[in-house]
């Protein structure tokens, strides 16, 4: 079916003013927060209700046209990259939130609701929504669910998957199912657990039941300056080894500090080669005792400055530096790649040293901003796209860093998702059998492969195939739909 | 379920499990995996041809204390793992009541205990898993880092699947440090129903108990047990604050007897109820008077032991708790009693069937054991 | 002023037609005006506050100051601007966000024509600069949109009704004397109660939306206090300052200028208020009317060069922001640019000056709960957020209430509420609700546009709330006026909005 025919049907079903086909309008949807990949969609649908989503998905299914769901478009792995001539279903207008069910510690939200709004609405009840990706002021809950977003505080509180209790999902055939709910568990498979983090390949959530947490009695935040990255890394290890579970331990290196200072003047210690932002929360007495212990550990690891936030404003400024760091790197470099690898925390010093060696070898700067407590690295590879070949070198370097993460026993993504960007790396982290097994789930939800195709997995595969060792010609290849590369 | 015709095999490696399943696949035989056999009575399949005894998969593969991560095979008993972890001052924060359970069984049944209040359940702690599928394929998901969103999180899917999607052979866990001190507040309640509002008050307070358990008889009295496990200064301060919040209660250093145990015997109909956490009062009221219950009061999970004669009222009970997103799963049914172990599943049952069809199209793994006859 | 030629005289006629509304029904037939509010939560997407143009603009930009490709390239597409953008907040669509508008500019620079839809999305930008504050990458969206607006204003052929509207606005507001001339008829109109009659008969609703908006915005007029050209400092002179009296401020809010002079004098400033000031050019610059803006800027530079002052005090946020950026406006004429930069160094918002000087005059207590509303051109464009709050807190008894969505524009945005009345109305209601939610005694702001926008919205919603400029609160405190007097003036005094019995704008 041609795009024009599908667009006409979409207009009829959900209203002409919600269906975009003007080229200039379409092109504003051609990438998300990862601008390296751009594809102009055929149609953009601005859904305002679950029914609009259902209609759009159903019409796509009938037409055999792929669709990609999109929220705020802040993803960093190209998860919301459109499919050429496909449909982008925008969920930013599905914004209803609440009311907060304070006794059950739950709130029901639509996917376009912005992460920070949930905490804003929960705050009067002394509750909060724990997952706090750095883009929390703009990223949407639907996107968080698709990517299983993390954030600085997931060291203690876990990820999106630990805080989403229920979902209403429009499956790729347009049918609607309800997974999970308000109760802590339900009979049957944990399809919700599989759905969260599936990056839009299993369907579109139109309503989500979130778990809220009680705001702790006290929160204490310290900013610690070090003259070496090794000392900072050792401090992280020692804190964990002492049996302390901080709410967050974040690390930034000199280059990242420079960028953050340029962007938000966060007042990080001058001359620091690395800073840690360490936050403890919980009962007053517990936090006080452990905070003192952490201070002692940091001093023993040669911290040269320890600053303790005296009030909410100072605490916010410490976090502002950290949370603005990615985009702030735009101030010190014409272009950059953000990476998102994970390593076992104990491998931190050696992996950082290796990244330095690799960066020196290529001659490109790498800024490091990361969730040190989780071993979740965000190396930012800086380059100048005006210089011939630098983008390529930077991409290679970013790729090598991911492979270093895999060989260190880690993962190619801790919170940004695989998306478009890292799908080829999946084959390095997982065996063909592992990937085929994931495809079984995909095929159960989306046998025709129209939900965000081309993401997450390295090769297209038809759902008729059985997993296991493959011989002969791939069915996709045989059908002339793709080729092995 | 286990008949004279059932062949019991005890593989000692993942490869052997794969061989068994390949053979079963080839010969069209049905398979069930079991470890500590603590939950074989939970919705047992009518019969199986092959029982894979996983206790031969008994290696603790890795424990990296600095990473708070451990890898252990499915046949390792939780107690064995905890013993080893304890030497590093760590533990796997799961405390299900079934004594002798193995890790594979805990994952497959999604078993949990009182401390789920603070640490969550299997889905919150299992960071990697290896499963052998119906055709013998060995597949991994997750990894050995806590933070990892690469690919589908199939660990969640296998958790609580009761072996219907594959045989869990290896598990990787996020660990927690063992708390140095414990303080327990026990409040006796003349009326068990009073536990509901108290549980809500605790949940909305700044207290950080690791467990809040109610032991009670419906229509009668009960006791609320609030457990604090943290540093010495904290548990004392919190226990004092809890006494103030609850308006009474005595403080203990040790857990009371029966803490974390389920009520009932094999003669009883034992149910596991899950519901919106703040509806404990309503759920208690929905149960027949005189029912012995243990509830994780702040999380919305409750075990109830009813006389076998109550089986006929099971549907009515399910209907009564449905407004609270409630479900009632049968953990133990007295011999000879035929009933729907799972209850209504909702509009996702068809999708569950589709998942099962993809993983095990010939329905050879634990056939009939799961929801909707899966 | 050389521009003031026959062309403008012709448009004077148009302005008179529009404002006098002698033949209102002849106007406004140019295109459909769709309702912007679709539902309680989200507005409908085609908020056609203005009729679209007919044909794509190709090439998108001509060679005279197109948006700077290097500045466009600074955007890393992170999206942090989205939640602070008023139109994104309303419609949740990428094209109506700063990031999307930069994408549209980029398309133009890459050689794509600007489609009518693209022009509409660019037109719908309020220019509030909240995105500039929010941007971690330091994208200079202000420069980008200003360059783009100038291109559109120059090159897009707009429908007749819109042309007339624009002409009317730009031939009226920047000219204090024309505004003053309008005061008589407007006062008579207000005194006659004709507005209420029109509203009841439904005639008002048949006016084009822009005219309805203008009618609704018109503030209550009071007697004009004539400002002395030179006011001596009280006590020791600490500084000699010049005062930009402004066009709208001076005409509709003469009390604010009077209060400004009194407070400055009380704080030891000799105040010079040059007669025959022109508009600073802010409205024209904002609207992309480059030649006009340049001419006004030069005039203001001359005026204050001649005034011999250390500091030029501005009490209207939009004017201050514009004067600080005049060097950019005049970048093609290096000599003028230098003079503009020299003036910009002296320009301060009234709250900056007072905060810098520190108080010498005694503050008498005012028991007031204040909702301070950040004017976009003060907070986002000039970065002045703390000073007014500090000054207000220095008044004993003043308590500041926190506004939700404080960073979101009220919809006034220069002439935006006249050109895009539908989204402006929605934003105004959002802001009014936020202000009401604070339970404050008075809303305080630093810009006549915000004042009129919020006050008229409150009136339309049937709410009554006093509105005042920061400096009026300080003035009342220094003079030891009772709270009741301040509030009464802020409720019914000059500059406030006539209460309306019904919601005239919502059919």
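For clarity, chains are labelled A, B and C in written order, and residue numbers in each chain start from 1.
Throughout what follows, a contact is a pair of C-beta atoms (placed from the backbone, for glycine too) under 8 Å apart; a residue touches a chain by one contact, two chains touch by 3 or more.
Bear in mind the structure is a predicted one, so any value in this text is a computation, not a measurement.
Remark: the per-chain Cα centre closest to the mean position of all protein Cα atoms belongs to A.
The chain with its CA mean position farthest from that of chain C is B. For the pairs A-B and A-C, the count of C-beta pairs in contact is higher at A-B.
Separation between the centroids of chain B and chain C, computed from CA atoms only, is 62 Å. Separation between the centroids of chain A and chain B, computed from CA atoms only, is 29 Å.
Each chain gets a centre from the mean of its Cα atoms; for chain A and chain C, those two points are 39 Å apart. Within the complex, the chain A residues that touch chain B are 101-106, 125-127, 147-148, 150, 154, 158-159, 161-162, 171, 176-179, 181-194, 196-198, 214-217, 237, 240-241, 243-245, 282-286, 289-290, 342-346, 371, 374-376, 409-418, 422, 426, 429-431, 433-438, 440-445, 456, 466-468.
On the chain B side of its complex with chain A, the touching residues are 64-69, 89, 110, 116, 120-121, 123-124, 131, 133, 135, 137-141, 143-157, 159-161, 165, 176-178, 180, 200, 203-208, 230-231, 233-234, 237-238, 274-279, 299-301, 324-327, 329, 342-343, 345-352, 354-355, 357-359, 370-372. Residues 38-39, 41-42, 44-46, 73-74, 76-80, 82-83, 91-95, 99-100, 103-104, 107, 112, 114-115, 117-118, 121, 135-138 of chain C are the ones that touch chain A when the two sit in their complex. Residues of chain A that touch chain C in their complex: 17-18, 22-25, 27-35, 46, 48, 72-74, 90, 92-93, 95-96, 112, 114, 135, 137-139, 262-264, 324, 326-328, 330-331, 334, 336.
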